[in-house]
Each structure stands twice: as C-alpha cells, then as structure tokens.
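Structures are listed in the sections that come next.
Each of the next two complexes has subunit A plus one other chain: subunit B in the first, subunit C in the second.
Moving on to the complex of A and B:
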C-alpha cells in the first residue's frame, strides 16, 4: 500500500510542476502545447551538463543532481524563447508553434545526444546514463500509519517542487505581476490601457513555463527512466496539459488532477501486481488514470472555462 | 546612391519573390523550405560533411534520382514506389488533421484512431482467409468506420459535455494504446517478432514483391485512393453546404450559430470525417506499409501529420505536396546516412527546421505588406 503513495507522489509532482508552467503561459493568453518539448529539452541540457561535468571533474554523477536540475531549468527556459518569439513577436499561430517546437525538440535532442556521445565520449550510444537520485526518509514521521508513506523514500526533487510550486502559487495569485499576467489572458486591452506592456508579461510567462517544464523533465529523467534518451518524450507534457485543463487553469485543482493521475497510475500497477496476474494484464490497469479522467470530465467540464483571450494574437489596434 | 537607398533596394529585391499576394500561399512555404535547407546545410558543414552530396543522397534514397548501383531486382522505380508506400498513411493522417482544423478543432488523437482502426481491421479481416477482392474493400470500410466512430465520440464529448478535444484525444490515445497492447499480447502475439502475427497477403493494401520488368516492387494501392480523397475533400470543402458549414463553425462559432448553423452537429460531423481519414491512415499503415502491429507503440505519424498539414496550409492539395517533401527526407535518410556518413537523425532535424521556418510565414507576410505600404508612401512623397 505504501508503494502506491510513494510512487504516486513521485510521478504526480513532476507532472504538477510542468502543469504549473502550462498554467502560467495559458493564463497570460499564450496556448502552450510545447510543454512536451520544453521538458524534453530541459532534461537534455540538464543531463548533458551533468554528464560533461562528471566527465571533467570525475565526480559521481548522482551527486550532480542539483547541478543538473539548475541547468535543466535554464535549458527549458532558453528553448522556450522560440515559442515566445514565434507566438508573440512573429505573431505565429500558437498551436502551430507549439507542435513545431515539440517536433524540433525531439529531433534536435536525439540527434545531438548521439552526435555528442560519438564526438566527445567516443561511444555509440543514444542516451546519457544518469542513475536514480538518492532518496531519504524522515524518521519519526515515517512511522505514522498510512500518512507515513508520504515521508518515506522521498526524492529530494519532490521537496524542491513543493517549495517552487508554493512560490509559483504566491506569484500568480498574490502579487501585482501575477494579477497583470492573469489579466493579460482575460482582457489584454485593459492591461495595456493601464500602462503595462502585454507582450513583456506574456514573454516572461512563456519563459517561466519553459523553466518549470525543464525542471519537471529532469525529475522524470532522474527517477523513472534513470537516463536521458528519446524515451523522455512519453507524452507527459501532454498529460500535464490535460491536468491543467482538468484543473480549470487553477493551480490547486491542477494539483488534485495530478495526484489523481499519479495515484491511479501507481494504484493500477499495484492491483495488477498483488493479484499476481500475467504481465500483459498490467497494460489493462494502466488505462485507469485516463478512463477516470474522462469519466470525471463528463461531470465537471460544464463549468470549465479557458482564459478568454487564450490563443488570440494581441493586436493593439483591435478593440 | 545613399546608403539608406541601397539598403532599401536590397530589401526590395529580397522580398520580390514573395511580394505577390496571390501566390503567397505557395511562395512563402517555398521560401521557408529554402531557408531551412540552408540552415541544415550549415549544420552538415559543421559536422564536416558536404551538404550538396547529402541532399543529393536524400533524393537518390527516395528514388527521385538514380543511385550509382542497385542490388538484384531493385531499381529507381522500386525506391520511388516505397516512397509512395510510406507517404500514403501520412497523406491520410494530414488530411484528417486538416479537416479538423477547418472546423476549429485540434485532432491530436490521429495516432490513437489509426491504431484502433488498424487493429480492428487486422483481427476482423487480416486472419479471416477472405478473397482479396472482398478483403481489401472490407479493410477500408472497417478503417473508415472505426476511425469515424472514435472521432465522432470526441466531437460528441465536446458538444455534449464541453470536454476539450485536446484532453479527450490524449486520454483516448493512451487508452487505445494500452488496451490494444493487452489484446495483442494475449491473443495475437507472434513469439518471434514480438509483434502481432502477420496478416494474410489478401488483406494487405500494398501489393508486395510484384515482379514487373525484372524489378520486384511494392505497389501501394492506397496511394491512388489518397490522391482521390484529397481532391474529393477539396471539392467538399469548397463547393458543398457541408464544407461551408464546417468552415463557418471553424471561423467563428458564435457567428455560425446566429446564422442558423447547427454548431454541435457540425462539430461531431467534422470530427467523424477527421477520424474516418485517420482510420484510412491506420489501415494503410498497419495493413499496407506494415503488416503487423507493434504493441505499446503509437506511430509518430499522428504527430508528424499535424505539422505536415500545417506546412500544406491545411489545404488538401497542399497536404499532398508537403507530405511528399517530408517523406522524401524521411525515406532518403537511410541511404544518405550510409553514403555520406551523416547520422540518420539529421533528417528529422531538417524536417523540424522546415516546420519552424514555415511557422514564421505569417510574420513574413506582414513584413512584406508593411514594406509595400512604406514604398507607396515614399512614392507619394516624391511626387
């Protein structure tokens, strides 16, 4: 039973931070289908820097976890500039830009991973080996029944994500910047009339989404897959989009959606395992989170409302 | 001549090829393709290889240009036909995306719809032992029906429950992927290939190893259908009430509603057509290009097709050309990598670059019209 909570959380939280990135961008009025590409590219930069530093300095790669996290955020942010420039400055269709970025991220990182492995390390490999990050258990709290599992075998990144998520929540709902950001997605003209540069707000929102998505991607690379390869593009970015739409573009309900995904996923795996069914039955239980989402959406979607100016190109002259 | 003037002239010459508004839908993609090939050439130069040779190898591998030597029973025509074979599902899938886009819907679920229709056609017809004359049309019908129903479901969920189609298609993609993987692994697995058992030749939409004029070729029957479907779709979209209503809903839902168009019905209808086309992509992929299904894998065609359809301006005929281009790069890459020693993955980088630059098309268009206005103002000022 404990494993359901432990695995569920370690899947839900990276998903959550990617989804928060999506909320920032979409709340400011920029449709963001590029999350998948951002998280992949962020993880690529993080993994690359970890592998390079480990190679040069000779440190164990597991110890470079925090360095990798930092670089993954940078990488995600730098890559998100493409989306920002394309959809804000070049006024391209935001859906198109997002899809293109996903395709480009997959192509570029696969190509570069193989190329760098061959040129720098002289190996014919299409992945960067990272290993799984160390976990810790809070003694005392871990002994509480049921809830104790939350404090058992915790990845350090889970704590980091919770701290950043809290900060992101504060920034979005309690500060002037957050208010302007949300207003840019509802009524950009009024923001403009108040003397605030809409394009600048949106630009920074997209950069924040790249930063957070990069972090989330790196966390997946250091836990589930234990390496960086093209397998990072498992569709988690899209799942995060589903979670944020399910959460009605608000941070707390989105957390609930992500937890639902996480626990349904680990719960399904747990049921399949405890019933000692053949491995192919696991597949049948894997659909649990997705079926559950669809069913819940049928009941909750009526009140779902996207930011009003979402996906619209901001045109100063238009009224 | 002043410096400013010279700069202006340079700019004018640069934009001349794309300044004619009537031809912009064609010239702007061409310019973006040109720019992206220059970018790709720079990448290839950095690796230290010859870009012209690489591009020529791409064409050779795709059967557009002759290779210096061929293995037995192989020729340029063989390569070209396998290009068409690979291109067929891409055309259908891109048409599927294009139709949904016309209705203002975003069908991310093409790969899921492909998988479901491919799987159903495989288990119903693929192992049935029916004659080719019945089996092949039946495969097509099942493909259209299965895909259409699945697409229709997405449209219905949107219309009835306000479920965003992006979310529902993503969920259905995962569900289809896992459920079908389960059934394949339980009942239809081939223990050696770890895929579903190969289907019978009679049900396959590509005629394999046909010997004509001492060449062994794969003839994709679906390709002819794909071309006709594209032309038919253009007709439906431009000349019929159905097409007009779908486009009206896509342009402005509220305006369409005020005009008395049934928005819900058209949403469902557009998704059904889109799903049906995705179904055709599925059967030409799993029962044409391949003849078995790999469990737990969604084909990447579903996502590529979004980009291909955008590159083709979501226009049925444009889609044929854009999928032709993307398929050439894709198919030729194996030969290029063996001849020029460049990694095969560069092909997807080139495709990505093409799409990236074509996404900037709108910006180019604006820039051009603004420059033209400036030009006019200047002329007025002089006279």
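Moving on to the complex of A and C:
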C-alpha cells in the first residue's frame, strides 16, 4: 500500500509542475500544447549537461542532480522561445505551433542524443544514463500509519516542486504581474487600455511554462526512467494539460487532478503486480491514467471554463 | 496661461482613402461640458482619439493648459490627466470592480518587508470613497460579470477618476442605456463638472446635449461646421447643421389600417443553453398593416422571441401560428417559404456571407429554386440580373457594383443589402431586429421609411429595438419586455416614452 502512495506522489508532482507551467501560459491567453516538447527538451539539456560535467570532472552523475535541474529549466525556457515568438510575434496559430514544437523536440533530441553519444563519448547509445536520484525519509513522521508513506523515500525534487508551486501561486494571485497576466487571458484589451504591454506579459508567461515544464521533465528522467531517451515523450505533457483543464486552470484543483493521475498509475501497477500477471498485462494497467482522463473529460468539460481570450491572437486594432 | 484647458489647432488626420479630420480647431474651457456632435464617420471619435493618445495628427497642434504637447499614448494622456470613457467597455469580467480599476496602476505593499503584493484592501477603500464623492453608487468588491451595463460604465468612469483625470472624454455614453439610466448618467456627468472636471461628450443625441452641455461643436464629414452655445440654439438647428440638410426623424406615416391576423404567438417559452427560461409565457398577435415593436433593455429575451419565430432557436413551450398555420416546429427554410422575412441583429454573422459578392448575398434565400437554379445548377446570369436591379432599386452603394465583396462595404450598405433581399421575398411577416444599429442618421431615416412603406402595403412587421426613440417613432403597437415577460402591450399613442422606460425596468407591472 505504501508503494502506491510513494510512487503516486513521485509521479504526480513532476506532472503538477508541468501543469503549473501550462496554467501560466494559458492564463495569459496562449494555448500551450507544447508542454510535451518543453519537458522533453528541458530534460535533454539537463541530462546532457550532467553527462558532460560528470565526464569532464569525474563526479558521480547522481550528485549532479541539482545541476541537471538547473540546466533543464534553462533548456525548457530557451526552447519555449520558439512557441512565444511564433504565437505572439508572428501571430501563428497556437495549436499548430504547439504540435510542431512537440514533433521537433522528439526528432531533435533523439538525433542529438545518438550523435553526441557517438562522437563525444564514442558509444553507440540512444540514451544518457542518469541513474535514480537519492531519496530521503523523515524519521518519526514516517512512522505514522498510512500518512507516513508521504514522508518515506521522498525524492528531493518533490520538496523543490512544492516550494516552487507555492511561489507560483503567490506570483499568479498576489502580485501585479500575476494580476496583469490573468487579465491578459481574459480580456487583453483591458490590459492594453491600462497601458500595459500584453505581448511582454504573454512572452514571460510562455517562458515560465517552458522553465517549469523543463524541470518536470528532468524529474521524470531522474526517477522513473533513470535515463534520458526518447521514452521521455510518453505523453506527460498532454496528461499535464488534461490535469490543468480538470483543475479549471487553478493551481490547487490541478494538484488534485495530478494526484489522481499519480495514484491511478501507481495503483494500476500495484494491482498488476499483486495479481502476478504477465508483463503484457501490466501494460494494460498502465493505461489507467489515460482511461481516467477520458472518463473525467465527460464530466468536467461542461462545467469548466477556459480563460476567455485563450488562443485568440491579440490584435490591437480589433475590438 | 490661457483660459482654455484644451486647444486643438488646425488638426488634420488622414486615413487611407478618407480625411477623418480636416483642419479642425476647437478650444475647451476648464470646467465646462463640451459636446461633439456629428453623424457616424463625421470624425468625432478620431478627433478625441488624438486627444486620448490613440492617434497622432498628421497636421496641427495640441495645447493642454497652454502648453504644446505631443500625446503619444493613452498612458501619456493619463499623465496629462486626460481620461477616456470608451463606448466599448474594456473590463475583465472575472475580476472585481477594484481589480479592474487598479489594473496597470496597482498599489503595492510588502509582506514581511520582502514579498510585494497588490494591496486590494486599500484600493477598495479608495474606490469606495471616490464612488461616494461623485454619487456613482458602486460596491468595489463586486465582480464585473454580476453588473448591469450601466454599472459597468460607471466602473469605466471610476477607472479614469482613479487615475486622477481632470479632463474626461465620454464616447457615446448613452448608446447602451435606458432612459432612466441615461438620466442618472447625465446627473453624474453634471456632478463631475460641478466637482471641477472638464467634460467632453461625443454624441449624436441632441436632447442630451440640450440637457447638460454648455457648448457644442458640430462636425460634418471631417470638417468643423460651427461651435454653438447650446442654450441659444434649437435642437432643430443642431440637427440641420449635423446632417447638412433638413432631416425629419419623426417619420410621418399614415394612420395604420389593421387587417387580418398574420402572426399569433401563444404562451411562448424559450430556454437558453443553460436551461434558463429567457422567454416566459409570451403571447401576442400581429396583424397585416401593423408594426409591432418589442421594447426592452438588452438581453431581456426580445432577440430570443424573434429567433424563435424565425426558427433559429428551439421553442420549449407554446405555439407559433403564421396565417393560421402552426409553424412551431417547422424548419427555417419552410418558414421562409411560408412567408417570414428576417433581418437579424448581427448582420455580419447571420445576415450575410461577408466574402461573397453582393449579387450572391442578395440571392441567399432563393438560390436553390427557379429562376436562380435549374435542376440544381446555379444560373449566374439570373444572379447578376436580379443583383443589378436591386442595387438600383434600393440604392446600395458599392465600389464595384454587384461584384463587390460585402465585407468591404459600409455598415449602412450592408444593412440595405439584407433589407433588399428580405423585402424581395414578399413575405407577409417581416422581422427586424435592431435594424438601425450602427448605421448613420441618413440611413436610419431610409430604413424607417422602408418599414413604413412595407406596412402600408399590408405586411405585418415585428420590430425589436433597443432604441426607444425609434420604437416611439415607427411602431403602431408596443410590447414592453422585462426579464423575458411582456409587461405591457398597448398602442403607441397611448404610451409616453417615460412610461415605456418604467416598464422596461420592471418598475411597473400589468397583467393582461
């Protein structure tokens, strides 16, 4: 039972931070289907820098976890500039831009990984081996029945994500930047009339989404996959989008949706394991989060409301 | 220092194809209400947009408090204490009044001396105070989506007051208000003036100018015609100057001759998408030779009634009869063929295909049958012949004749195209929803004339309008709607404008 909670949390929280990235972008009025690409590219840059530094300095790669995190955020952010420029400066269709970025990220990182492995490290591999980040357990708290699992075998990134999530909430709901950002997604004309540059706000929002998605992707790479490869493109970005839609573009409900997905995934694995099914059936249980997504869509689509100006290209002259 | 707070000297502003302002000079005194009068396209809004920092003039100079300025942006205008209350509100409907007002000029406090946050509480207090001082009566913690149009407008006023505006520009502020709300607003504007503010009022409503303005500049086709002292000028003279010729908005019409009943609506109930009843148990009849007008504040169910009769909305209760035939569940095409013409409110989305040319748009309701089509093949020649005939008959003006794309035409000519098509159907029942919205005074006169002509030829006409003046002018019978219910049905002679206004607000009740 404990493993369900432990694995569920370690899956839900990276998903959550990607979803927060999506909330930032979409609250500002920019549809963001590129989260999948952002998290993958962020993880690629993070993994690449960790592998390079480990190679040069001889440090154990597990100890470079924080360096990798930092670079993944940077990588995700730089990659998100493509989406920002296309959809804000060139007023391109945001859905198309997002889809194209996802395809680009997959192709580019797969290619580069193989090439860098071949020419820099001289190995024929399509992945960067990372290992699994160290975990810690808070003694005392961990002994509480059931809830104790929350404090057992915790990845450090889970704490980081919670802290960042709290700051993200503060920035979005308490500061003037957040107020202007949310207004840009509801009625950009009002923001413009108040003498604030809508494009700038939206640009920063998309960059923030790239930064957070990159972080989330890196966390996946350092936990469930233990490496970087094209397997990172498992649809986490899309699951995050589903989570933020079920969460009605609000942070706390989105956390609830992510937890649901996390526990569905770990619960599915647990059931498959305890029933001792052959591995082909385990895969069947792994689709649980996605089936859940489909079911939830039926119930939530009606009551949830997207930001009013979401996906609309902002044109100053038009009323 | 001169006596004038604003001086605009020899302003010229050109847009591709037109001169919006042609050598216009006006001077405005501190503490007066200065009205700008003119038809659509006369250049009033352009002139004020220059003052508000949206446009820069091609020629001419602007002086504020005696100093020459180049107003480069709305923010710059705000710094010069100039504030504009726009005709189209720019509000975030999910935000509270306070949040909307402080957007862009948020007061900041620091939590634990480190984390800056927006100080909503303080702003609430300040806005409440402002609202009290000028009699605006708003609760700053309310959300915009819960407010009436008139309240939203007051939020826009507070927005500029919060930014410490001394010069307030109102762009057609009463276009969206009921007579009672208009009076309230005019009271507020008067109060602002008495509080030392300078007011510029853009309008084409003469009675408002007469009521509160001190002076009035008349613009026509981009040129300044005259600056008048309002007290010493008759409204008739103003109207004449504005249009450049004599106008007669009080349509003279022959007394109505009602004949047989054409439309009968019985206990009509319509629900909107959320399952909420927007039309509740409405019954009325329209006879041949009668103009029946539904008066009401926007969004009280009047458009849904028209849509239900035309077949655009499903009916959830009641019956509709056309010439004694039950058409409650008929398709739109069947209804058209049985005899309903429909001029929709949103002419660009529902009335026209903007990227098609005039002749095609004129044939939209008959293209599938003879003589426009034979055995399913369109007959282009017939389209062109009919198109050419109708352009001439209805005086539809366009750049390239029948081949003109409708999108490129002015609102008035687009409307003429729809009306021409609908009249040509020769339907016994014609439905007009907001037929004069956004068209200028000359076109309004024309549309009213056509409606009355059709009535005299024995058509039954249903008119839905938000313009009370229009209804009082044209209608034979008035039904006043409030909250989805008809409050009163009476002949137009038996009602005064004020009475209708009271029924519109739901202040008066009458069971039939």
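Here is the rule we use: the second predicted complex is superposed on the first by the 314 of 319 C-alpha atoms of A that agree within 3 Å, B and C clash if a C-alpha of one lies under 4 Å from a C-alpha of the other, contacts with A are read in each partner's own complex, and residues count from 1 in each chain.
One rule holds in what follows: a contact is a pair of C-beta atoms (placed from the backbone, for glycine too) under 8 Å apart; a residue touches a chain by one contact, two chains touch by 3 or more.
Computed from a predicted structure; not experimentally measured.
**Q** Which partner, once the models are overlaid, touches more of subunit A's residues, subunit C or subunit B?
**A** The partner that reaches more residues of subunit A in the superposed model: B.
**Q** Contact-wise, after the overlay, does A:176 reach subunit B, subunit C, both or neither (first, second, both, neither)?
**A** second
**Q** Quick check for you: in the superposed arrangement, does A:308 touch first (subunit B), second (subunit C), both or neither?
**A** A:308: touches subunit C, not subunit B.
**Q** With the two structures laid over each other on chain A, which partner does A:186 touch: subunit B (first), subunit C (second), both, or neither?
**A** Once the two structures are laid over each other on A, A:186 reaches subunit C alone.
**Q** Identify the partner contact of A:195: answer first if only subunit B is touched, second if only subunit C is, both if each is, neither if none is.
**A** Once the two structures are laid over each other on A, A:195 reaches subunit C alone.
**Q** Which positions of subunit A touch subunit C when the two form their complex?
**A** Of all residues in subunit A, those touching subunit C are 170, 174-176, 179-180, 182-183, 186-187, 189-196, 308, 319.
**Q** Mind listing the subunit B positions that touch subunit A in their complex?
**A** Going by the criterion above, the answer is residues 47, 106, 108, 157, 161-164, 166-168, 170-175, 178-179, 181-182, 185-186, 296, 303-304, 306-307, 310, 343, 345-346, 348-349, 351-353, 355-356, 359-363, 366.
**Q** Quick check: in the complex, which residue numbers of subunit C touch subunit A?
**A** 73-75, 78, 86, 88, 90-95, 99-100, 103-106, 108, 115-118
**Q** Of all residues in subunit A, which touch subunit B in the complex?
**A** Answer in residue numbers: 33, 82, 86, 89-93, 95-97, 99-104, 106-108, 110-111, 114-115, 235, 238-239, 241-242, 245-246, 280-281, 283-284, 286-287, 290-291, 293-294, 297-298, 301-302, 304, 306.
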